[in-house]
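Labels for the chains are A, B, C and D, by order of writing; each one numbers its residues from 1.
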Amino acid sequence: MAGKGRAVSAALLEIRGARKRFGGVVAVDDVSFDVRRGEFVSIIGPNGAGKTSVFNLITGAYAPDGGEIRLDGHSLVGKSLTAIARLGVARTFQTLQLFGSMRAVDNVVVALEARGVRGSQAYHRARRLLEDVGLADRAHALAHDLSFGQQRMLELARALAAEPKMLLLDEPTSGLSRGEVAALVEQLRRLRASGLTILMIEHDLRTVMAESDRVVVLHRGRTLATGTPADVRNHPDVVAAYLGESLERPRRAASAGKGNVLLAVEDLVTDRGDVRALDGVRLDVREGELLAIVGANGAGKSTLLGTLAGLYPPRSGRVTLCGEPIHGMPAEEIVRRGIALVPERRHVFEDLTVARNLELGAYARGGADDAELDRVYTLFPRLAERARLRAGTLSGGEQQMLAIARGLLAKPSLLLLDEPSLGLAPRVVAEIFDALDAVRRAGTTIVLVEQNALAALPLADRFAVMERGRITAMGNAADLSGDPRLAAAYLGTEVAQTLPTS
Amino acid sequence: MATVRNACSAIAVALLIAVPFLHNGYLTGLLVVVAIDALAATGLGLLVGAAGEVSLAQAAFMGIGAYATALLAGHGWNAWLAIIGAGAVVVALAAVVGYPTLRLRGHYLTLATLGLGIIVFVALNEASPLTGGPSGYGDYPSLRIGALRLSGDVPFYVLAWLCVALAVIGGAALRASWRGRALRAISASEVAAASVGVSVRARKLEAFVLSAVAASLAGSIYAFYVGFISPTSFGFEQSVFLLVMVVLGGAETATGPVFGSLLFVIANEVLQALGSHLFPSTAQSAVAALQIVAFGIVLIVVMRLLPRGVAGAWLEKVAR
Amino acid sequence: MEQFLLSGLAIGAIYALVAVGFVVIHNVTGIINFAQGEFAMCGAMTAAALAAAAVPLPLALLAGVALSALVGLVTWYAALRGAANSSLVVQIIITIGASIALRGIALLVFGSSPKSVPAFSQGSALTLGAATLAPQQLWVLGIVIVLMALLWLLFERTRLGGALLAAAMDRQAARLMGIDPLAMGAFSFVLAAALAGIAGVTVAPITLATYNMGLALGLKGFVAAILGGISSVPGAVIGGLLLGIVESVGSGLLPSGSKDAIAFVVLIAVLFARPEGLFGHRAQRV
Amino acid sequence: MPHMLQRAAVVALSLAIGGASLAAPAAGAGGAIKVGVDLELSGPASVWGTPQLRSIQMVADDVNQHGGIDGKKIELVVLDNKSDPTQSLTNAKQLVEQDHVSAVIGGGTSPTTMPLLKYMESAKVPLISDGAANPIVTPVEERHWVFKTPHNDSVIAEAVARFLARKKLQSVGFISVNNAYGDSGLRQFSATAPRYGLKIVDQEKFEATDSDVTAQLTKIRDAKPQALVVWAIPPGTSIVAKDAAQLSLPQTLVFSQGAGGNAFTELAQKAANGVYIVTTKIPVASQLPANDPQKKLLAGYVKEYDSRYHEDPDAIAAFGGDAMRLLATAMKNGGGDDPSKIRDQLEKIHNLVSLSGIYNVTPEDHQGLSINDLVIAQFRDGKWNLVAGK
């Protein structure tokens, strides 16, 4: 009791049972934690855990459905963005929210002027802030002309211009080069030394574990654990949340290296906006194999699949399918060539029935016959039961099954899957992966991007590790699954180099 | 940037000062009309360019300005006071209407302003005891400086373009001020702007009111220049045309809308002159139609070639 | 009162048709198409001209609708297909340019005097209680009901309709299914223009066809569409009917000169209460 | 950077001057007399402007074929004012100051005429408007240079009222199009009605773009008038006729002459059976008694209009021709191409038999028609039939 009392008195930010739902989707479901003055707290958790939603609740972008949020003992609930900002909360954004058409310096000046600092004084201070983040020489460039890394630093400078009591950082390192990350970490250390209270969402656990006083782990909208980095690292639930439970499944003889090359990727380079998302990817996929691509967020996994599927035009490089070049073709053409992508977060057509989603899956080849439909229905019996329901009413797992079934109905020679287990319960994940196993056995070649490595690898013939837009390692899945170093790969300490490369 | 704007506004003003010395009442008169549109468009440009809001109520504020001025002057106010009075009326109205309206976003804001415009239009028609209704209102004294009565084109030419120059310079200054920066920040990302403490609604409301004031002034000048006003001059189409002028000229700079109005009116008039003198009078009905077709096509082509508008286009040139 | 409701319903049905066009185009291409009313005008004027030239009425009507569809297609290819990445307001100005050009062409071809389209059927007005409906008004209601049924079939039962919906709901996922967004854009313009054309030829016997009838129709259609949430077809239909009824009842109970104002007062009130429109749910794309 | 601006400046200027020089050709070939025409060739009011231009053209050609004005031909300079008051003013200025015309005809409606009045007074060039509203020519001392060919609305209102009174109909409903024309009609009729013991039991408006007026007519029906006066223009007039028939309103419908010819009769067909119109003699030209001074002129006019434009001329179109005829007469009578002389001669025009009636212009009356130039016609068997007696 007393302890709690002390904690509260020392706390700058208190969150108690915060809740937020959108229609059927629960984004935040009972989150509670404190941040004490001068503390550096990190929020971690798998995608879809509700991390950014928590930020939006704190800053007033969302109004909570329940619970209490206090800053310095004053409730923030029901206050406007502006009001909360003026109470001393500043933030950066996971997807950059700069004033693109304005000069870098003006981006910062706006924040200063909002607090009544005007004229030359504002510009003077703005330049100082830009120096601190190493943008002094880019002060007069338009924000959207800056490199991605510079833009992240600019957002930081803008947030600092508000001289906040509390700084919220949303994935500050994602998309940054190693050097930039180092510089950022330096900056954070300085800020922390100056006594600023920092709350950071971050996927790069190396940074998190090294820098944080305490770590809050969110999972499916709930606080799973809070404690020092050490406590958290060894917390079994956390490991589970990140790697998923390893699924009992007989190891299959790795067919790696057999079969001839179906897809060959050479020096593929793709830019997303100002970010160099793919930086010279070389890769080949053999007929009939399942290739698992693992790697931290922002490593470029989804961009790779998107580029292969034709959603993002590559800047340079070659992609050949059965020897025929397909790079630069639009998605609607590539699907006809036999590559189907099951995109991250499913993207089912929510207002259409399950059945019609499936029909659309076969759109490119002029529709599916009943036999083909029966096949996917036997693969996913739950879809058969729900054929007449709107896809939007399905559970996450069912939507994922629908997305996969929809992809299969394109009769692809190569099926690309992006994070199929995202935010799903282990039981459901098992179900889905069994289905994938069946699909692969039936002879469809599969490239799988998956966080839940322990679930994915037993299935995989080969794996590839992606880091910062490149494939840094490839090998036989057999050599890797169950390997403790894998956990390290996710929870920090370099691993890619130490893995056997093919 | 600011220097570019000022230089460009200076030249524009100089160019337009030059024209009356052509001793041509028609051209001068034409440029008075341009100036009146330019004034209203400059205001709208602030809203579209700086705040990123599309309003279809601009002609309505022009109308209120015109009618308020005429009525006050008609009821014995000093004409100049009447202009100021009208401005005050519009400020009050814009503030009251803008406050709830600016909560809306995108199409919904556009629709609400459109509705506002139509409501005003109907009001001008229906309040006939006061406004003369659809038949219009012309029973008010003309503008005078001391004993000197302002009539004819040249005095209004000077007056109107002075106001435009002031509006442009004021607009440029505002865009360069902290308010302007805040506005651009809001139009770039409302969330981000709010979360660094910019008071979104206050800034938006300011922009809305200021643009309305410019329109009101334009209306006042129109009322005295033409000497007769009727609702048809301030209807939906006029609002659309003002928007076209803004986008045509480019909303990013304070001078863009001025060039827009110049282009809009001159293009229109040149087509008109071409038609009426290259073809026999018997063909004029057809020619009138052809003018419209040509005008529509010009509009499409310009927008396709210069999506940032004329001013925007040469800003790009300058940038390189 | 019944009279106001019925007349309002008949006119609202026309607004609804135009509004649905707005929604279809907006959902698929993100464009607010201010030439929508002009599509209706083209249909009406063509039908009127042909009917005057003693072409059998059904044929004239069909030709009118067909021409509208064609005009829609041309507008898409000539003016908008390449402007997909332009800002919203630029796209709007382009459609305004298109509408001005179309109006001019109509004036050139058909002249300024109103043209009449014969009523689809003769026979006396139908009396319901205190209210009466002209045969043509019944046609309007009937046609709109049938069209809504057909639209429902198109969207719910056909492959093409499914593709259109998919492209509207999730452009990227649609591409992954092999659906070409530009092709869908063209189709949305054809569909919207055809609907507008039907609205035009159906209302022409009541109102006469004039080359500048498009402005008012387009405006009302736009209002109805946004009222219904700009992205929902049923919303647009209800928005249209509502607008028609509000207008009619408004002019029935209050000084008729202020009819349009009344409609907009109601409308703005709705917007303030429901800033996303009556049936708006999906965030609009800008 | 600066040269960019200069270019912009040059472009703008040359555009402007280009427009100007284009607009100033060598003063009319063979010293023709230039007459400016500023009409609604596009926009809502083009329903009237276009036929008016045709009528003007016919009369001008007629004059030119018969030797013109002392050998000089009349040359028309036509500008479209897009039904927009401001454009109308700009046009007037271009006609006067660019083309140096001797007189201006236009605008075709009141709103496009009103803005011209002050200007024409200062420019000292005669203007003949086809607008109907009284203020165009009153107060006459402020309208030194302005004339108009259509009856004042007050006169039409008088004729309507007189007709209703004669038919012993006291309670009247009134519906008008919500623009300047309908508004002027409403004012004049409400002012006149009481003098004829008429009671306006209900008064409604509709928009020119409305496609349905049953709501308004239902209200009028509930007020139970014996007659309904309709002050509107096509296509509105036809819509009123149809909806009125549909709601079975009182059979006595009286339209102002704005109802127009073709468009109205075309659409209204059966619905219009039995309705009355107060109009000049044009629509019933063929039925005029042989001794009618206008009969010959009108017969010829209608015949030629038909052959040229393949439709019947309506009353409104004729006002254009009248304006041209008034001008030609004034020019012949010594006005020549001198604006002020033309003006003086206009005021002296006496018993000029023209399309809309017999014009007697005086310094006190710049309109010149009388109530006797109006007739009542009833629509039966697809055409207008002269109703005997006034």
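Rule of thumb we're sticking to: a contact is a pair of C-beta atoms (placed from the backbone, for glycine too) under 8 Å apart; a residue touches a chain by one contact, two chains touch by 3 or more.
None of these values were measured; they are calculated from a predicted model.
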Shared touching partners of chain A and chain B are C
Counting C-beta pairs in contact, pick out the pair of chains that comes out on top. B-D
Centre-to-centre on C-alpha atoms, which chain is most distant from chain B? A
Averaged over CA atoms, how far is the centre of chain A from the centre of chain D? Could you give it in whole Å? 73
In whole angstrom, what separates the CA-based centres of chain A and chain C? 43
Per the C-alpha means, the centres of chain B and chain C lie apart by a whole-Å value of 31
Identify all positions of chain D at which a residue touches two or more other chains, and write them in rising order. 41-42, 46, 50, 178
Please list all residues of chain B that touch 2 or more other chains. 125, 285, 288-289, 291-292
Chain A: which residues touch two or more other chains? none
What pairs of chains are touching here? A-B, A-C, B-C, B-D, C-D
Looking at the complex, which residues from chain C come into contact with chain D? 3-4, 7-8, 10-11, 14, 104, 107, 111-114, 116, 125, 132, 134, 203, 206-208, 210, 212-213, 215-216, 247-249, 251-252, 255-257, 259-260
Quick one: which bits of chain D touch chain B in the complex? Just the residue numbers, please. 1-2, 4-6, 8-9, 12-13, 15-20, 22-23, 25, 37, 41-42, 46, 50, 53, 57, 75-80, 82-86, 89-91, 93-94, 96-98, 110-111, 114-115, 117-118, 122, 133, 135, 178-180, 182-184, 187
What does chain C use to touch chain B in their complex? 32, 78-79, 82-83, 86-90, 92-94, 96-105, 107-108, 111-112, 215, 219, 222-223, 226, 230, 255, 257-258, 260-261, 264-265, 267-268, 271-272, 275-277, 284, 286
Which stretch or stretches of chain D touch chain C in the complex? 41-44, 46-47, 49-51, 178, 204-207, 209-212, 214-216, 218-219, 234-235, 238-239, 242-243, 246-248, 262-263, 266-267, 311
Within their complex, chain A touches chain C through residues 309-311, 330-333, 335-336, 340-341, 343, 347-352, 356, 359-361, 363-365, 367, 406, 410
